[in-house]
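Think of it as A, B, C and D in the order they're written, each chain with its own count starting at 1.
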Amino acid sequence: MTKTTHALIEQYRQCRENSEALVANLSAEDCQIQAMADVSPMKWHLAHTSWFFETFLLAPKKIISAPLHPDFKVLFNSYYQGIGEQFSRPQRGVLSRPSLRQVMDYRHWVDNHVVAALEHDSDECAEWVNLGIAHEQQHQELMRMDMLYNFSVNPLFPTLDEHLVCPSNEQPRQWLDFANADAQIGAQTGFSFDNERPRHRVYINEFSIASHLVTNADYLSFIDADGYQRSEFWHSDGFSWLQRQQIKAPLYWRYQNNNWYEFTPQGLIPLAMNAPVRHLSFYEASAFAQFKGARLPSEFEWEWAMEQAQAGHCDIAQIDDCAWQWTLSSYQPYPGFRPFAGDAGEYNGKFMVNQQVLRGGSYFTPKQHTRLTYRNFFYPHQRWMCSGIRLAKDRIYE
Amino acid sequence: MTKTTHALIEQYRQCRENSEALVANLSAEDCQIQAMADVSPMKWHLAHTSWFFETFLLAPKKIISAPLHPDFKVLFNSYYQGIGEQFSRPQRGVLSRPSLRQVMDYRHWVDNHVVAALEHDSDECAEWVNLGIAHEQQHQELMRMDMLYNFSVNPLFPTLDEHLVCPSNEQPRQWLDFANADAQIGAQTGFSFDNERPRHRVYINEFSIASHLVTNADYLSFIDADGYQRSEFWHSDGFSWLQRQQIKAPLYWRYQNNNWYEFTPQGLIPLAMNAPVRHLSFYEASAFAQFKGARLPSEFEWEWAMEQAQAGHCDIAQIDDCAWQWTLSSYQPYPGFRPFAGDAGEYNGKFMVNQQVLRGGSYFTPKQHTRLTYRNFFYPHQRWMCSGIRLAKDRIYE
Amino acid sequence: MTKTTHALIEQYRQCRENSEALVANLSAEDCQIQAMADVSPMKWHLAHTSWFFETFLLAPKKIISAPLHPDFKVLFNSYYQGIGEQFSRPQRGVLSRPSLRQVMDYRHWVDNHVVAALEHDSDECAEWVNLGIAHEQQHQELMRMDMLYNFSVNPLFPTLDEHLVCPSNEQPRQWLDFANADAQIGAQTGFSFDNERPRHRVYINEFSIASHLVTNADYLSFIDADGYQRSEFWHSDGFSWLQRQQIKAPLYWRYQNNNWYEFTPQGLIPLAMNAPVRHLSFYEASAFAQFKGARLPSEFEWEWAMEQAQAGHCDIAQIDDCAWQWTLSSYQPYPGFRPFAGDAGEYNGKFMVNQQVLRGGSYFTPKQHTRLTYRNFFYPHQRWMCSGIRLAKDRIYE
Amino acid sequence: MTKTTHALIEQYRQCRENSEALVANLSAEDCQIQAMADVSPMKWHLAHTSWFFETFLLAPKKIISAPLHPDFKVLFNSYYQGIGEQFSRPQRGVLSRPSLRQVMDYRHWVDNHVVAALEHDSDECAEWVNLGIAHEQQHQELMRMDMLYNFSVNPLFPTLDEHLVCPSNEQPRQWLDFANADAQIGAQTGFSFDNERPRHRVYINEFSIASHLVTNADYLSFIDADGYQRSEFWHSDGFSWLQRQQIKAPLYWRYQNNNWYEFTPQGLIPLAMNAPVRHLSFYEASAFAQFKGARLPSEFEWEWAMEQAQAGHCDIAQIDDCAWQWTLSSYQPYPGFRPFAGDAGEYNGKFMVNQQVLRGGSYFTPKQHTRLTYRNFFYPHQRWMCSGIRLAKDRIYE
């Protein structure tokens, strides 16, 4: 066994353990619940990430001769039409069987086969194991997002993880200016998703971007200025949305006894004024930017600026450890986009409409999982992911 | 302690144990789920039935000085506006906390107080303990209905209770004729709900009623005659309902490999042809009756006929041990209706619109819980309760 | 031609002219609109009432050899599945073609044939002409109801008919007491709808009923006592309905500049305090009755009381010339009910679920159209018909 | 009066006459109807385009001292929150008052004031008159779109305009190749909307674009290949949409008696095989492109290619006289975007989310109204505008 193989096995094992560590303090009942259609039960995540290895690696490579349980093919298929039928997404929380215990057994059955396969022929498997690890890391972030939401509707406000705290801003926010540029955008070497490729040329007009994220204190000033009542800051769709849903603050803010609180992994705590504002929609992010006479960055501006920062040309903070940053770019294929081969081609491509790109990473994101070329995406109204705001400004005029 | 008190304590203990026996073979995950808004998790039922004793007996009589947990007042209030706010009904399945274990502790805390109170002053408490027992028996039937539904959406078709089987018809169905009658309708002695009172006079025109319930075989002939496509049998609202919901058979029938199966407490089994048809809506019951040139009985005809049978004047089967029987009577107050005193007045009265009365009882109903005067009620489209059909016919003509 | 035939032709002509008189002051644009799915455009009513004579008289009796326009069979079929397909109800207001002019031509084509048929063989046709006249009278009331609603959403508040004014109460409301009675209920002689038959025996327990309808002033006291916020007066479904729809007053009440106004056929006018309250739902009528410690009458109590009044045994006002009176009876078939023959059997029977009976008549009802046995019916939430409240009370006690 | 002023007055008059010509063959009833929330009645368009001149020119410049009718401010405000309240959009078709005649009088009152103002001080008014003309031209296209939709739900299939026919493809479709380019995108001189500015630099990677639009025959081959059942061609949102809405063909296609027909301004006619496919959603356009192994062009590729064609460097047909062409670009502000001044700033900017850009023009578009820089936009599911497909392809590879 080569050193690389050994490292990959180790990486695989670590990743799998990390998922299980996320439920270490949760009961089987906790792992069962699904508080809205967008989230999935912890148990389902644990099973689906195993299903992914079974479906895209073990089965096609004939590493297994039969599935552990034939029903799992449907039960834990998320959205792959090419694989076949899927169990109804909003009803995932109703599957009390298989039990959490049975799902853990399924995980370990998959683990044994994956490790054996890597030991036997690493070359054959490495690409899919890498994709499976990246996939499971995405679900680790989803597990935090989903469980926080699940707990948020419980008036007992359970603690998810008392050690999981979003870093606060340590410096005041400043504008950083960028000149016109012929940029190269997208991933070139190392692991990346299909949607980050190919690396290609993009012309970027001069712009400014903020050194730090918008804080809770900043955002509170928007609320206090009646920001949610003043249509001039809002997209038409956004204003309709907030009126229909009676939105008055970010998702987890609660106003009680004349004070603002926030539901966080630590439970319900007083609003941390210097922490980045989190869990808001694209509509809210845009409206706040309008209120400040600014705008959101495009995903190209964002990537270009962060590359400059990484190269030491400027000082930008909170890139990927606080909150995903909404961009004004809609989620589209790059010129020359090629989906993953086979049924995995549904991974990203079929979602390239109606969604906005977010860049960076959050304090929910596994450390090994972030890249400057990474393209996260959500619908403009969604808020349960850890989303935040980095402002930008035009420097080009007519 | 009097003999009566002793008996009441015994009855209370038995009732409470019966509820817990219903979840003996279920996991904490099973007790967590809620597959639609109409059903509640097993855990919630176990808690709510305890809340009922706490709220209507222990607290007002000052048997306890403080609640075990202040949040439970809201979490386990079903629909009593007079008591205060209620946790959102469709989200009951999301409450992973309190845990099943904590709910069991809550039950036993309540039990200790109720028994102590009865031992101390039975006269003071008996009325409310009797109501609480009747209430908990209703929930025991709901627990079977709800859990059957919860399991029905799981493709693994779990077994709820292999010993719970609906009795089949032992004789062919016959018409029994009744002459015009001045009947007394409603409850007089013994325990009854407020909606069964007062006993009052009703004139009943001559009619005929069936000796047995409609069987699955009977109902299959309706399906085979395109009954679900032929509007002439249906109420206008019923036909819209079946088109909108794409209803083609009773709730738990499944057509697979050219055969009909039914999901029952035993799991998915071949349709039992001689068993009473169950789990259908008022619309379906009415349409089947039209198809047979018959109609449903009024609740007064039903009660009158069953009293005659009980008095030995005629032979009627399957009165309360197979399926609740839809009547064409809408759920209304009897002349002189008086709700229970205080906040318990919301128990029945506020539901007296838009619902139809069902009479009898089902194989899900606790044995001690049925009465000929009992008025069950559901919306015309609902099907998850164990509902069936007893036919009736007019004998009066213009 | 016999005298009876002559009279029937005259009655037919008068009825048809009355419908056209209702649109005499309306433009073709006015006759086109449909402000919600429950109402129909004036043009559609004018066409459908003609279609009724064509479909149930002219065509089956072969008085015509072909339809004037084959598309009309579908376009103007209201809900007769036996006749065939129906044009989508909520889209009736989109049919700008045929024009009002073409619909008037259709009416006159039908008139010529009906009159010729009566002249030729009155015996053959009289029954269906009588039904068609009763049907058209129902639509005359609908035309007033629908056009009032259509105009109510227009901020210009157009005047529908300045001479159409609801009579006010001339005397204070009093309770009239009735003893236990063996009543005969339902129609016996003269024209009646199938749902009023057969006349049959009903036992009525002693009760009291109000001499007059509830006034706007009475109802205002309910609003001023926070009646719409206090759940204790409401059915559970009713309280959900008012919260969901944000209902705070009867349909046509408007609060402006610290005063209550009402939209009436005369336009928006100050609320007439002594006029009967009108245009409210069953839920509101029931809640008001609860607020007053009373209830609504059953339809049998109502009919029995009005027969006594008509026979001079007591003094009851506002029977059929102000507002239809909600009863607590749901709309069900009388024992021995037989629908009209043929496709006209859909006229009433298929609506006998989910609706409540209203009795009496309103100031929108054609004078010749009311009967003490008449059973009007609407869903509990509907309000655009001219509905009001007559209170009743129990005199029976446990 | 200068020659320029004279020309502008002439242009204004011509534009206003063109709008009225669109209803010359329609009745007042036709001008009243609104078959879905997305469309508006003809009468409303005629009024709103006048309201636009009154609101943005006559009132702020104090050319009038008072409105003709104060209610019109609300009734004919489309979506300008800065101006104030708007009458409910889905209920525009219910406003039978003001009448078509009164709306025409309103138009002429506005016309008199605009012309007088231009004669008096053209410099002051020209900018707003030009915007008002461009605005009214947009509504002229909307009037055709909306009325075609209104007529499409009428089973009589009325003819809208027998002379309005979409040109067919005269040549077969070919691929035209474009190299990498530094393009200038956006409007520079002459009238343009704010969303077309500022002209700015965009780098375009090499690509190919089709010389002609996709025809009905092309699209039929997609349907015949089960295109609407095969998820692999569709965006996830698109496939959900077609299943939910049961979409099986473009909006106006009808399958009758084994043949395809299309509802067009001429009525229901056999499908014209060589005509461009029209009235389809972005989802359908994308799926068809996938089916052909191609994609949609970006709006920058489209503009760049058409500029080359206009400069004579290549031969591209059907640019703006057949159907608007879906692009894969979502509707976003250009870098440096500045909305119109004042309340007119709501004209475009607040819609820059959730929508896709279409380029070109259609056979419904007024001739003077098209520009290569013009950005039309609709939601991905919308189909009632005259939308079509121009294919593109990547030439860049990893």
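Following the convention adopted for this analysis, a contact is a pair of C-beta atoms (placed from the backbone, for glycine too) under 8 Å apart; a residue touches a chain by one contact, two chains touch by 3 or more.
None of these values were measured; they are calculated from a predicted model.
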item	value
Each chain counted as touching chain A and chain B at once	none
Whole-Å gap separating chain A and chain C, where each centre is the average of the chain's CA atoms	58
Distance from the mean Cα position of chain C to that of chain B, given in whole angstrom	37
Chain C and chain D, separation of their C-alpha mean positions in angstrom	46
Shared interface positions of chain C, touching two or more other chains	none
Interchain pairs in contact, sorted by label	A-B, A-D, B-C, C-D
Chain A - residues contacting chain D, complex	79, 81-82, 180, 182, 197-198, 200-203, 205, 207, 231-232, 234-239, 282-283, 286, 295, 298, 328-330, 332-333, 335-338, 350-354, 356, 380, 394, 396-398
In the complex, chain A residues that touch chain B	27-35, 43, 71, 74-75, 87-88, 91, 93-100, 150, 153-156, 158
